[in-house]
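Look at the two complexes coming up: chain A is in both, with chain B in one and chain C in the other.
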Partner chain A sequence: MDKWYIDKGPDSDVIISSRVRLARNFKKYPFPHKTTPEQQRQIIEETKNALFSGNRTMSENFSYIDFTNLDSVEKAVLVEKHIVSKELLETNRICGVLLSKDERISIMINEEDHLRIQCLATGLQLSEAWETCTNIDDLLSESIDFSWDENIGYLTSCPTNIGTAIRASVMMHLPALTMTGYIKPVLEALGKLGMAVRGMYGENTEASGNMFQLSNQITLGKSEEDILLSIKNITSQIIEQERSLRQHLLTQNKYQLEDKIFRSYGILKNSRIISTDECLRRLSDLRLGVDMGIIDGISIENINELMLMVQPGNLQKREGRILDANERDIVRAKLVRDMLNKQKNY
Partner chain B sequence: MEWVKYSEWIECEGRVRVMLCQLCKMREATVHFTRIVNQQKVEMYLCEQCARENSDLKININKLFSAMLGLDEPEIEDAPFTTLRCGFCGMTIEEFNRTGLLGCAKCYDVFRDSIQIMLKRIHGNVKHHGKIPKKISGRVRDEYNLRSLKEELQRCIEREEYEKAAQIRDKIKALENNLQKKEG
Partner chain C sequence: MDKWYIDKGPDSDVIISSRVRLARNFKKYPFPHKTTPEQQRQIIEETKNALFSGNRTMSENFSYIDFTNLDSVEKAVLVEKHIVSKELLETNRICGVLLSKDERISIMINEEDHLRIQCLATGLQLSEAWETCTNIDDLLSESIDFSWDENIGYLTSCPTNIGTAIRASVMMHLPALTMTGYIKPVLEALGKLGMAVRGMYGENTEASGNMFQLSNQITLGKSEEDILLSIKNITSQIIEQERSLRQHLLTQNKYQLEDKIFRSYGILKNSRIISTDECLRRLSDLRLGVDMGIIDGISIENINELMLMVQPGNLQKREGRILDANERDIVRAKLVRDMLNKQKNY
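Here is the complex of A and B:
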């Protein structure tokens, strides 16, 4: 696995990944939940044509994944990699995703909007992700008429997304803010600034493994660049706070911090049964230990890979068969043990 | 579409089709009331005030409001109250309140009043300030850019960034000349 999500990017001690997505709708069709299966098929075909006929390198770089006959494990893998949303799994519309070879760029078709153009990047790289999205959008709009109004911008199925229809988000690892309890006022302040904070898998998910996803709530009245800038500014402040708290913990509570990290390390290297939730929590501690130089011999890339591999879909894909929850906990524990014991260690 | 046959539909601001209350014939009808009388279906389109005043219609206002707020699924048998409906995709305001989704681009016109309030609450500002699709023609693009530049100029003046303001002013002039030439 050498795809983008293993790499570490800028500010990777706090920021895992950045993501930008644009919602777009065809002018001539009603929004997805009011379309007929025939229209849904047409939307897919027209999008493929627009992408593939527009640019030869595109057509070589992208492939279409049809959701109609995709098994549940493959679908879960796509969600765990943040390539598609949970909503796309749940819809009974004809849908699918156009995915780039490196899995950084995806275009979901027939989700809440006809198209959701998304670009992922490692670490804090919102501008890069935005550049990619807007280029794909330009390419598609050469042959597709998108719904747009000069007063309220791009029209979307849900009015909360209109205007720029942009959602920019960063996945943050905030163990020190969480441990010290300072996360609560931070989250409250973010709400007041028009930012949404969610768990690892977007809407209605819990923050597992001290991972928080910060995204803009406002899409209308500000330019894309301004929206990205405000997220960047807020993110920079959170990074500062998280880093200074980590240093504070190291100087004031050195033994408690080291004990917590090494206990988690011990459990990960020795457990025989481990749930996803506990595993992500322990990996969060391990990541903190690596970032702070408390643990060496393990790279952030190793941890990134583990954080993805231990999730139910990826775990089952790797095993090549469906596993029930109990089996998964056993297989997960073995995978983590094997990978960590392979590394140079104490 | 079924709703078009009612003669009371009028054009309002040239965009939203509004139906007048069948009792007062003055206010916009927002309540659709259906009853079975002598095995015949009787339909009435009323404004909220008339609906409330005519108690013999036995309209349960609480239920109406809860339906409008999406708190309660309207009962099918009772043939309850529907309000505005989009003539293009069939979306009703209840469905919108319940799902939070609009049915098509035209819904933004049909339900404009409700949406504006909502947009203001979420976004504060209700004017687009961002990307324009590549296909949008020159004139709309120029006008849009002109508006954005004027707003930017205002911001520069407020921040006392006069050098930048002068540059923007020149851009505005050039764009205005361009537009005038096209008109001429």
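Here is the complex of A and C:
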């Protein structure tokens, strides 16, 4: 695997990844839920043409994944990699995703909006993700007339997205804030600042493994640059809080912290049955241990890879067969053991 | 350490150790709580003389440990090794213990009775322990006139011991009976059979690490041989039940069993803070794993040694200083890590 999500990026001790997505709709077609299958097919074709026509780099770099005949494991893998949303899996519309080779850039077609242009990056790289998105948007805009109003901005299927139609988010790893209980006032303050905080897989998901996704709620009345800047500023503050609490824990509760981290490490290297949730929780402890220099011999890249590989879809893809929940817990434990025992031993 | 309790004995997969003790009192002195300090000193001297006079082997093999000036750590170590009772620590009488070099044989002086002759053995060796006790008793009887009634037998300070004044016990490791919940009816049945079941350190102690001490309640109206035979028969039945349940767990719940055992192993090899109770619980899992061939590279002797070394007294003796409970939990975790990581690694 040489994909972006295995890499380590800026501020990766706290920020796992950054994401920017733009919602766009064709002016000439109704919003997705009102489209006919014929229109859905046309949207797909016209988007492909807009991306590929006269642009060799794009056609070499991107491929289209048709959701019509995709099996459930492949779909789950794409969700687990944050390439597509759960919503795309559940729609009855003809749909799919244009995906770059490094899996950084994806364009979902016929999700809630006709197009969802998304760019992912490791660590804190919101500006870079935004640059990439806006370049793709510019390219598509050369051929496609997007639904746009001079006073409002981009029009979207759901009114919460109108205006800039941008959503920028960062996936934060906040074990120290969680352990000390300071996460609660932080989350409350973020809500007041117009920010949404969600679990690892977006809306309606729980925070697994101390991972929190921070994103903007407001898309209207502010420029894209202002939205990105406010997220960056808030993120910087959270990074500082998390880092300072980690140091505080190391100074004040050294043995307790090390005990928690090493117990998780020992369990990961030895368990025979482990659920996704417990596994992510223990990998979060391990990640904290590596970030703080308490555990060495394992890289953040190893942990990034593991956090993805232990997910149900990736696990089943790797095994090449459908597994029930009990089988997954056994296979997951074995995968983690094998990968960690390959590393330097304690 | 080349003491008896590190060795592995017969049926050691279930029976950790066997113990026989006899209560004896001098006819010419009142029972201990009525004795004067002068009488207490005389009892000690007369017992030493009875053991040593004209018997070179005994005087070379036994040494007397005077409790008057013994520090609290040394006393705790003796209790943890099951050489003396907690009661001996708490009495205000002048007291002590005659102890053989291999620590198998001890004679407590001025405990509840003038003498408590005790023999310990690894695994199921009740007859051997009884033989040793009765030899010591015979030797002492040559010089000491013990309080004895033709109709009743030996007279003791507490009426529950009169008659044979024998208590025979086995320390049983019963993880499968505990895990499956079958331990409850077994304990109830044992009570009805006139047996007492206690924790690792006798009366009023809890069962730590799935260890249960089974002993006779009745001392009057039966011969020593009958008492030993009934304990042996009951023990054999419990051994069979425990073994059959272990096999059942391995067949029916292989992954769950292995998961439990290996998690405990992983925690023991990695924790930075561990209480005595958790440590014994996890060592019990490890012992089960070794007995069942699930874990190799560690011997039962290693585990026997660890189960003793992690006790508060032994831990402090090893460190050479008094430790508070928090310090002990840290030192204990380090000791266990160091000892297990010296063994074959997983």
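In this text, the second predicted complex is superposed on the first by the 345 of 346 C-alpha atoms of A that agree within 3 Å, B and C clash if a C-alpha of one lies under 4 Å from a C-alpha of the other, contacts with A are read in each partner's own complex, and residues count from 1 in each chain.
Here is the rule we use: a residue touches a chain if its C-beta (ideal position, glycine included) is under 8 Å from a C-beta of that chain, and two chains touch if they have at least 3 such contacts.
Please read all numbers here as calculations on a predicted model, not as lab measurements.
Legend: residue contacts after superposition of the two complexes on their common chain; A:265 is shown touching chain C, with no touch to chain B.
Contacts of A:218 after superposition: chain B is touched, whereas chain C is not reached. Residue contacts after overlaying the shared chain place A:172 against neither chain B nor chain C. Contacts of A:133 after superposition on the shared chain: neither chain B nor chain C is touched.
Annotation for chain A, partner touching more residues between chain B and chain C: B.
In the superposition on chain A, A:147 contacts chain B only, with no contact to chain C.
By the touch criterion defined above, A:155 reaches chain B but does not reach chain C. On the chain B side of its complex with chain A, the touching residues are 88-91, 99-105, 108, 115, 118-119, 122-136, 140, 143-144. The residues of chain A lying in touch with chain B in their complex are 25, 27, 29-31, 33-34, 112, 134, 137-138, 141-142, 145-155, 157-160, 162-164, 166, 217-224, 226. Taken in their complex, chain C has these residues touching chain A: 255-256, 258-259, 262-263, 265-273, 330, 333, 341, 345-346.
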